[in-house]
Amino acid sequence: MELQIDRNAVARCRKSAAAIADPVQAFIERHSTVSVERSILRLLGVDGVGPGDTPVPNMIVESLDASELPNGIAIPFGRALVQTGLEPRALGERLASGGARLAQFGDVPNEAARGAIVAAARAAFDRVLARRAERNDLMQQLPQLPPPLLYMIVASGNIYEDRTAAVAAAEAGAQIIAVIRSTGQSLLDFVPYGPTTEGFGGTYATQANFAIVREALDEASRRLGRYVMLTNYASGLCMPEIAAMAALERLDMLLNDSMYGILFRDINMKRTFVDQHFSRMLNAASGIIINTGEDNYLTTADAVEQAPAVLASQFINEELARRAGMPDRQIGLGDAYEIDPNLEDGFLFEVAQAQLARQIFPDSPLKYMPPTKHMTGDIFKGHLIDAMFNLTSVMTGQTIHLCGILTEAIHTPFLGDRALSLENARYIMRTARHFGDDVVPKPGGRIERRAADVLSECEILLERVAARGLMQSIEAGVFADVKRSPEGGRGFEGVFERAPDYWNPFEELLS
Amino acid sequence: MIKPYGDTLNDGKVQLSFTLPVPWSEAADEAARQLVVKMGFADVQVAEGRAIAESFSFFVVYAATPQAIDFESLAVPSVKTHKMTMEEIDALIEERVGRKVRVAGACIGTDAHTVGIDAILNMKGYQGDYGLERYKMFETYNLGSQVAVEDLVRFTKEKKIDALLASQVVTQKGSDVKNFTALVELLEAEGLRDSVILCCGGPRMTSLLATELGYDAGFGRGTLPSEVAAFIATRMPHRVG
Amino acid sequence: MELQIDRNAVARCRKSAAAIADPVQAFIERHSTVSVERSILRLLGVDGVGPGDTPVPNMIVESLDASELPNGIAIPFGRALVQTGLEPRALGERLASGGARLAQFGDVPNEAARGAIVAAARAAFDRVLARRAERNDLMQQLPQLPPPLLYMIVASGNIYEDRTAAVAAAEAGAQIIAVIRSTGQSLLDFVPYGPTTEGFGGTYATQANFAIVREALDEASRRLGRYVMLTNYASGLCMPEIAAMAALERLDMLLNDSMYGILFRDINMKRTFVDQHFSRMLNAASGIIINTGEDNYLTTADAVEQAPAVLASQFINEELARRAGMPDRQIGLGDAYEIDPNLEDGFLFEVAQAQLARQIFPDSPLKYMPPTKHMTGDIFKGHLIDAMFNLTSVMTGQTIHLCGILTEAIHTPFLGDRALSLENARYIMRTARHFGDDVVPKPGGRIERRAADVLSECEILLERVAARGLMQSIEAGVFADVKRSPEGGRGFEGVFERAPDYWNPFEELLS
Amino acid sequence: MIKPYGDTLNDGKVQLSFTLPVPWSEAADEAARQLVVKMGFADVQVAEGRAIAESFSFFVVYAATPQAIDFESLAVPSVKTHKMTMEEIDALIEERVGRKVRVAGACIGTDAHTVGIDAILNMKGYQGDYGLERYKMFETYNLGSQVAVEDLVRFTKEKKIDALLASQVVTQKGSDVKNFTALVELLEAEGLRDSVILCCGGPRMTSLLATELGYDAGFGRGTLPSEVAAFIATRMPHRVG
């Protein structure tokens, strides 16, 4: 497939995206959040929970005086490191148990504190790089099957059932396993701790849970002779912390998109823009591919109408990700197959949209989401809609392929549902493997016209957003028909302006 | 009495599929067959049995059930009996209630699936059927997603809500039933239960379940706004009068 | 879709087909069969059964002296008509009941007999034309949906259940209903009589059964506002008789292919070539579209390898049908989607083959058969294979589309299976309605190369068949890997050489 | 004891689908639900219910079965236990029987589905596994399709057949069982039953069913020729010796 597209229009879109990113980026650089600070602690090695299951990083950051927070957690924690001579984790536990308070180490000179932190941060950074190297080695030894990479979700609520399901899915052909989070975790201003066995619509994202599934998948990867990737969700109130945990547990991808949080979780935009930036810096360093959430726009609003907004959001997400230091090959922009199955020629529209994204973002490991909105209890029909999605994906060379599941409208997937879904994808992608290479859209035909329309509407939209500002545009409901105000939503109280002396030791390491 | 229909009246034919947690083998096929026999089916044919993972097998089975159901005497409470247009509904309220009916809707608990309740409330409506906001005689409050039951009850009291619409889309582990129950109980505790028309909805809701939960009505998949509007409009006069 | 195909090769294929048809046609013209003779009686109005449920037409033809048969049934029957003054049907009953014997009317002059028959034949012919006109009127008033025309089978064994199923299928979107025959009917050298309620894998083709379903479908057609077609099977030992019955009961299509009978039912080739010719003359006059059975080759032999043989057979069938006076628009050549679903790019091969047939036979209402051979008990997978078949059909503009059924490998379809199957076809054909118009096969790509290969192999094959003769080629196993000898198989005893005075009154009317 | 596995061990989850001969309505959904409850399932969810024709409705249901099966103690006669190669099988016959084994196969009754029996007998074989004709130590007769049971028994007697392979693919209305039974009965009547290894096969055949029908072995979907060859080869010595 090769569409004729207007390359100048694409260039103009990128220019608008840069103009949109500028003020957001300026805001980000002037601010930090409680979650960014907690992630610094986590990277340094702080972990565990205190009374009431409050995570130690939360306890430590909360223990800071309101006047001290604008300088960041690093220096106060560094002072305590110097003074106690403890390792970060042990220090964290001491602080959490009440055996010490950060305030009591005020005497330690800044320079010494900074030195201690720099050493610890460098060690942490090396740990991250070591896990990244480990991934590279494994992927060399155990090459993946060619894309579209079949991505499968597990979501039982119980990490041990998830592990069983993950391994079974890998055996049935899955190349990426996502452990879906429990409903509402993205609204928690902390990350739960330890292995968990209770969750609704998903399983809590905890570091222990990450490790449990990673280990099982490593074992399966060796057995199957191909590396099976693991992914989870960063978006929410704890983006940077989850990014830190994922780096340490060698996750391979993360859903990471503040637009998702803003629109679909009513998370404060300022908070999450700042969180997103630092989390993406971490993802960049740890070699984690991010997945953005444009697909979600199509689940609430009309997919035909929203196509230009999806593309616009992809341009913005690309720009923001690049500014966090991400190479294109780690920027998995999202899209979805959500056009009404009853629409005549809907398939042609889907092909147009998917191919357009493929050509505009040639190096992005595009993430293609399956039909969800129009899935019903008719599993037989649903299986077919998924098949047309699979066909579109292989035709247009999508990279990360979320397998659609015939029971989408009924329950989080059963083990057997997953097998049917993978069989669907494998069959369609085999029987039509090179179909996309073998046909050309008729010049001026329906597919090409649709692609041109989406691109030109996107261009206009981006210009409007650039003129108005991203935050104001979101306020006006430009994306997914949802309106959010810059000061509204959850987590705003966790945003603070950086003092002149603010310091985040990882920012330097990661840039 | 009716039975499932395969290709002949009353042949009772049913298709089943399921997974067994055993590696596939001929014995697994036989286990699947015997299991379906144990379920009470006759004429059991394991059409497909295969490994879907090292220790799981998947089966497709066709079999005949001896069960039948007396369709004629089935009593199903239906809330969708009278089809009415927006104009008729507005007229009914105007005439029989004489003021705007105050309706509040929310997606309760941690559920963030607002598309369904929005479909009922928003102007735009659903499948060409306008939402309650469009009606002259409704005053509509859409509280959105993830609304705590406490907040909803407080709001009901404050705004003197006439009809309360609660939505639940996530049903895993019975979370919908839990939240719906919490709402009724709190309304009762606050003495508000009888002063509202209480409706619940979501893709798995049925009239019967709603009744069991203590709601006045329940609306399932494919509900049209006008069906909900008609229900409220026909109930209101009883409350007011 | 538009393939570049070698028009000269196509012309050469047609030339070979003509060369192949010549000797077959010459053989046909020198022979008749018991079934042809019985069909003459049926057309004249003879019907009913005698003792032991033997149909009256059989009794009458069998009563002829071996020495008389070569002159045909017409004259002896005409003599009896003249002498008894009865209507054909009543005369038949009289003869069947033993109340008279053909032999006793030897005195009636040939001319008188001929005159009586000509009058009766003309009346019969008018009845056929009247039914045809009726169809034309109905199709004007109740226009069909655009092709691919969704064709659905019913096969309960019980005509009344079939009727229920036929109406339900029509309501669910079917545009053509086929009542599948009971296993083994094609081997019966007579047509069963009356409404029937017992059959294996299908329901007996009887005139009463035709009428029952036709009436129900006419009612449904009016209710649905679109004409629903009815079809049944002629191939077998009674091709011309079934063609006669179908003409009288206004069936719209008939499976009519002697190659099917030869290869898959082991029917004698000489018998069935002769039967086929007269049955097709009847079909031509009654406006019935024939469906040929090339698809069957793919169910026993490898579909990739057999593609050239399928095409070759289509050329031959086209030629033979034209020689029976059929216009192209009534020649529904068969093909099928039977390539192994595990073959990489199998879909591309299917598209190539379907499109090739579409372009070579532009005016033929191509009959496209669904996957059957590779269907298994995995109904979910089967539903997907059917979906790709549906897609291929709408992309390549097939006309008569036999809907694939997800339970193909399990049982003759349930009512619910049919609904799922129709929903499959309707969904795919809607969502991809103009996809075929909107893409072009890449010149020199896999699809085009495959089409070119099939065509050139077909050309070679046709040349070989022309050189060797059709009957000898069949004997050598050229088609479907099945070998049959010219004198072997069932029904050979019913073939006879025409005497110089042989007369079939309908041959003149139909030419 | 094992149960169907949805997403949690022993949750018993099963998918069902069926048609009811009633026009669709909310009451039809409820009838479907009650019917599945009557079948003994718990947690019944009617995921889909819709009209598929004016007087027929189709349902997709998920439910949990309370039934379990003791997988460990399941006794399944399997004929496919020893995997042997063509060479091993030929060697075994050569050594233990000392002559060619005469095998006849046919598709009996009015059944014309020869692809399956051909797959077992023809040179070419099935899925890369050679057919019996290719073996040095089998003398193979493929009688083709639509072979009357009488003809097959006559042939068996005439040619002193050692192993008889009967195929049935059409199973509608139990026609396979009828034909298979007729074959055993005629063999018995002719006093030939004990002098042949009697095998049946077809896509719906299972070892258990074959045993019930009085056959020595039954082969179902996906059978490889070598499995049949191995069975015959290991049985022959008992007959001869």
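Every chain is named by a letter (A, B, C and D) in the order it is written, and numbering of its residues begins at 1.
Just so we're on the same page, a contact is a pair of C-beta atoms (placed from the backbone, for glycine too) under 8 Å apart; a residue touches a chain by one contact, two chains touch by 3 or more.
Worth saying up front: this structure is predicted, and the values here are computed from it rather than measured.
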Between C-D and A-D, the pair joined by more C-beta contacts: C-D
CA centroid of chain B to CA centroid of chain D, Å: 43
Distance between the centres, which are taken as Cα means, of chain C and chain A, whole angstrom: 59
Whole-Å gap separating chain A and chain D, where each centre is the average of the chain's CA atoms: 50
Gap in Å, rounded to a whole number, between the CA centres of chain D and chain C: 33
Interface hub residues of chain D, defined as touching at least two other chains: 5-6, 9, 13, 15, 17-19, 45-46, 56
Multi-chain contact residues (two or more partners), chain A: 376-378, 380, 409, 411-412, 414-416, 420
Pairwise touch network: line, ring, star, complete, or other: complete
Residues on chain B engaged by chain C in the complex (per definition of touch): 5-9, 13, 15, 17, 45-50, 60, 62
Residues on chain D engaged by chain C in the complex (per definition of touch): 17-19, 52-56, 58, 110-112, 114-115, 144-146, 170-173, 175, 203, 221
Contact set on chain A toward chain C in their complex: 341-348, 378, 380-381, 383-385, 387-388, 391, 406, 420, 423-424, 427-428, 430-435, 437-442, 445-447
Interface residues, chain A side, partner chain B - complex: 157, 167-169, 171-172, 183-184, 187, 200-201, 264-266, 299-300, 373, 376-377, 409, 411-412, 414-416, 419-420
Touching residues on chain B, where the partner in the complex is chain D: 2, 4-6, 9, 13-22, 25-31, 33-35, 38-41, 45-46, 56, 65, 67-69, 71, 74, 76, 78, 80, 204, 206-208
